[in-house]
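Each of the next two complexes has subunit A plus one other chain: subunit B in the first, subunit C in the second.
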Partner chain A sequence: MMFDPVLMIALPLLAAFLIPVINRFSKAIPKYIPVVVIGFNLYESIMLLPYSMVKPVIVIIAGWQPPLGINLTIGPLGNILALMISLVGFVVAIYNIKFVTEEPTEKYYMLFLLIITGATGVVLTGDLFNMFVFLEITSISAYALTAFIRDRNGAEAAFKYLLIGGIASTMILLGIAIIYTYTGTLNLADIAQKMQYVDPKIALAAMVLLIVGFGVEAELFPLNGWAPDAYSQAPTPVGAVFGGIVVKAGVYGLARMIYTIFNFEGVFYFLMIMGLITLLMAEMSAMRQSQIKRMLAFSSIGQMGLVFIAFGLATQRGVEGALFQMLNHALLKPLLFLSAGYLVYYSGSKNIEDLDGMGRRKPFLAFFFAFGAFAIMGLPPLNGFWSKMIIISETIRNGFVIVAAFVLAGSVIEAVYYLRVVGRLYFKKHDDNQQEKYVHGSAIFAMSILVILAIVIGLYPDLVMQYLKPAAEELVNKSLYIQSVFAIN
Partner chain B sequence: MRKILAVFFIGVFGYYMLAILMDFPFGIDHLNPGLAGAYLKDTVSKTGAVNVVTSIIVNYRGFDTLGEVTVLFLAATGMSALLYDGKTMNRSRQNASVIVKAGSRLLFPLIIILGAYVFIHGHLTPGGGFQGGAIIASGFLLMFISYRNYHVSHRILSNVESTAGSVFVVLGLLGLLYGATFLENIMPLGIPNKLFSGGLIPLIYIAVGFKVGAELTALLDTMLKTVK
Partner chain C sequence: MVYYIASLSLILIGLYGVLVKKNLIKIVLSLSLINAGIHILLIAIGYIDGRTAPIFSTPELRPEQMVDPVPQALVLTAIVIGLAITALALTIVIRLYDHHKTLDVSKIRELKW
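Entry: the complex of A and B
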């Protein structure tokens, strides 16, 4: 049975508003609310898939037809991203149950629920200003969650993020204002239709503002200075959410802008070059990190660089590769973060060198981390291999051999720093005087879901490719998107 | 060198933006064609609210407003989470002079009434839930400044906040229950210019008014209490 898709946003908001009241009655209930609500989102986005694959589902809000009111436009792309977001959210919500003990816990669950709601809203909405509002919800909860542990470093990271994010929001708003002045509408499809009549000089200014704005959340170089600090200072599950969810919302916004709204050919080259710089800078920085979470943060930025390169190709297959890479990253980076969180918890230190010998002491956790590392490096039977192969072969097919060479070089660097950690986990001796702590069953369960999905996708990549094809088509062929919104009139 | 480069880039970017903004058609009547014209033409007959701005905020783009209410809620939640200390805190300031104290006691009820008036009449006169809520919070701020020991119960504020937020969402869900769309008006529109007109608009704005008032009051109280 399928419900109205607007419930994917309305119910989490209602739940977040009610958590403080529920917390009065029982301190134990709030931690299960995100699991239930995001579980509903997951169910709903799976049930939506057969409908949105045929043609985008348009959800009217407040009874007004598209250009007049706000509507949700759930095409294949939005639906797949919503599925990705609720899946990662669901897994992290299960992991949260035992992991979060920092007071005030109910506030943590409110913020956690809202960060996921915001990201879901960004990918589902068909309205530019509405997208901005949901991006604000995502980023404001992200600022608060970054500093949730309330120590000096957390505050510094959150403040840095707040400054960059605040400027980015202002730029997006200014870009929206310019677009609204010249097109007189905020509906994405309507803007896409009317953009061709706008003076290119003005459209360029709006595009620059929007790319910079969304680029901050999407971790595009040089706007990603906030990421390493925020990832490493935030509580572990939040780092996983940043890598798995917040970034995806930013990348979706960026892709929607350059593919659907604007029609500048040159921006694709720009995106490819920026993606390449992002990739190389991030991989080389990751190499130098001594803290495991910072290393993972830089690796996350590097992966996004790869996604930008694929988006820069602007071909059907290239976009498929980008989306596949996003899906793999959404599964693997949370896995790495969640397992690294427990590894750090056991060793009592954030440094890589203190993780020696964890492979024998904590075989499960070390296996999860090693699995994630191998998959993200792109070892052949695993899922990361397929997306990387699609992107690299498509880059070569389009004649960008040098770019492909740099991407391969980046992959080698990536392999080096991941293998260095995995090697320490398994082949170094540990000191015995560490106290014994146990992994919570809920965390093992959460990480197992990710591992199983990664294995299934690795063995049967066609299973997801059949869904990614229409999603990529929605971006590459924008008239499809425009028509679907106006067909209902 | 880095600074010179930064200044150079900001200069180029600033010049470009300035050139764009100079071309903005300010003051020219470009309202009537397109969306803006449609809003102006049909609002009163279709939504029952004579304040077009309010009807756009609460009805046409009510979903955005739900988002904005959430943003404020998030800001309040995030701040109270970050300033959480587990202990009760006090304001550091001294009592104000007799004149301020007496004056603020006189003004406080009037400010609250003005705030309530602004959000109840959001569909008729300029203003609305956000403005009314901010006025109410300013009334509480006046009391905080004048009386060192003036306490508000965060329990009650948080209950008001939760209830008002839930009312907004539930009013939206009512639309779905009645077989219409989310946030769609399911009540009679009433006669324009009367207090009971505009369908759901006044109800939503009253909820928003309570929510914003409670949130800003709680925020101000948390921020002013700095000593143990």
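Entry: the complex of A and C
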């Protein structure tokens, strides 16, 4: 049974604002609300999949036809990203049940649901201004969650993030103002159609503003200075949410702008070069981090660099690789963050040196972390291998051999710093007696979901590729997108 | 034309403030200034001299006598977003002041790469 797709946005929004009310009656209920609501989102996005794969599902809101009113355009791409977002959200929601103890917990759940609302809205909407509003919902909740732990560094990280995010949002608004002046419409498909009549110089100005705006959330170099601080100072599940949800919304926005709305050839080279710089800069910074969450944050930036390189190829196969890499990142980075959260909780320190010998004392957790590390490095039977292989082989096939060489070098650096941590977990002795704490069952369950999905995708990559093909086609062939929106009239 | 110049100069003053000022409150104010500048720009795009709001209360009002209402709807939304960002920024500034006892941004730098 399928419900109205608008509920995927409306329900989390409603639930988010009901949480403080419910909390007045019962303190126990709010922690289960995200599980139920995001579970519904997950169910709905799976049920939508067979429909959106055939042709984009257009949801008309309040009876206004596409170019005039705001509508949801759920193509294969939007649907897959919505599925990714609700999957990560669902896993993190289960993990949250026992892990979040810092007061006020109900506000945490409220902000968490708002992030889900915003990110789902960004990927589903077919209206440029609506996309901006949803991106702001996502990022404002993300600023607040960064400052959730009330220590000095949390506030500093949040202010940095807010400042760069605030300027980015004004850039997007300015870009929208320029686009609206020259096309007189805000519908994405309509803009894409009318963009060819706009003076290229003006289109270029608008594109630069929008790339800067979305680039901040997408962690594009040099706009990613907020990321390491925000990831490491926010509560650990929020790090997983940043890597798995907020960044995905930003990357989707960026890809939608450069592929569907504008048609400049040169921007793809720009994206590839920036992606390469992002990758190398992040991997080298991750190498010299002493805190595990900062290391994971830099690794997350590096993975996004790889995604940008693949998007920069602008070929069908390259975009498939980029989407596959995004999917793998959405599965593995939360796994790493969630297991690292418990490792930090047990050792009582954020430093990598204090994790020695965890493999003996906490075999489950150390296994989850090691599994995530191996998969993200791209060890052959696991899912990270396939996406990396597609990206690198496609890079070589298009003649960018030097880029491929740098990507491989980046992967080697990545392997070094992950293996360093895994080695410490298993091969170092640590006989300092700490008090025994147990891993919560809900967290084990949450992480097992991610591990099982990673193994299944690793063994049967074609299972996912058949869904990624139409999604990549939606980006590469933009007339397909335009036609499907206007075919409804 | 004067609206375009005014809005662009507001945006530039705001950008200058965000980049140069050291006081946290002044940075937040400059952020609001950029926002205000863009709001005026958006309104100016929709404004045409001598026309009126598209409210169909008088039947003799024809479409060519009206201004474009969409930018005003956009600005209304954008003002709310700007307000949310400013309010959140100020709460974070209060917390930063509690911890560091200073508003000078160059003295608050414990997090580094």
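The criterion applied here is as follows: the second predicted complex is superposed on the first by the 489 of 489 C-alpha atoms of A that agree within 3 Å, B and C clash if a C-alpha of one lies under 4 Å from a C-alpha of the other, contacts with A are read in each partner's own complex, and residues count from 1 in each chain.
Convention: a residue touches a chain if its C-beta (ideal position, glycine included) is under 8 Å from a C-beta of that chain, and two chains touch if they have at least 3 such contacts.
These figures come from a predicted structure and were not determined experimentally.
Asks: Return first, second, both or neither, reflecting whether A:181 touches subunit B, subunit C, both chains, or no partner chain.
Replies: Once the two structures are laid over each other on A, A:181 reaches both partners.
Asks: Check the residue A:111 against both partner chains and state whether it touches subunit B (first), subunit C (second), both, or neither.
Replies: first
Asks: Check whether A:170 is in contact with subunit B, with subunit C, with both or with neither, and answer first, second, both or neither.
Replies: Touch status of A:170: second partner only.
Asks: On the A-aligned overlay, A:144 touches which partner chain: subunit B = first, subunit C = second, or both, or neither?
Replies: Both partners, subunit B and subunit C.
Asks: A:133 contacts which: subunit B (first), subunit C (second), both, neither?
Replies: Touch partners of A:133: subunit B and subunit C.
Asks: A:286 contacts which: subunit B (first), subunit C (second), both, neither?
Replies: Touch status of A:286: no partner.
Asks: Once the two complexes are aligned on chain A, which partner has more residues of subunit A within touching range, subunit B or subunit C?
Replies: B
Asks: Which holds for A:403: it touches subunit B only (first), subunit C only (second), both, or neither?
Replies: Neither partner.
Asks: Touching subunit B in one complex and subunit C in the other: list those residues of subunit A.
Replies: Of subunit A, residues 129, 133, 136, 140, 143-144, 147, 150, 155, 181, 186 contact subunit B in one complex and subunit C in the other.
Asks: Tell me, which parts of subunit C touch subunit A in their complex?
Replies: Per the stated touch rule, the residues are 11, 15, 18, 24, 27, 31, 34-35, 38, 41-42, 45, 70-71, 74, 77-78, 81, 84-85, 88-89, 92-93, 95-96, 99-100, 108-111, 113.
Asks: In their shared complex, at which residues does subunit B touch subunit A?
Replies: 13, 16-17, 20, 23-25, 30, 33-36, 38-39, 59-64, 66-68, 70-71, 73-75, 77-82, 84, 86, 155, 158-159, 161-163, 165-166, 169-170, 172-173, 175-176, 180-185
Asks: Once bound in the complex, which stretches of subunit A touch subunit C?
Replies: Per the touch definition, subunit A meets subunit C at residues 129, 133, 136, 140, 143-144, 147, 150-153, 155-160, 162-163, 166-167, 169-170, 173-174, 176-177, 180-181, 186, 228-229, 233, 285.
Asks: Show me the residue ranges of subunit A that touch subunit B in the complex, using the header's touch definition.
Replies: 4, 6-7, 10, 13-14, 16-21, 24, 59-64, 67-70, 103-104, 107-108, 110-111, 114, 117, 121, 127, 129-130, 133-134, 136-137, 140-141, 143-144, 147-148, 150, 155, 178, 181, 184-186, 201-202, 205, 208
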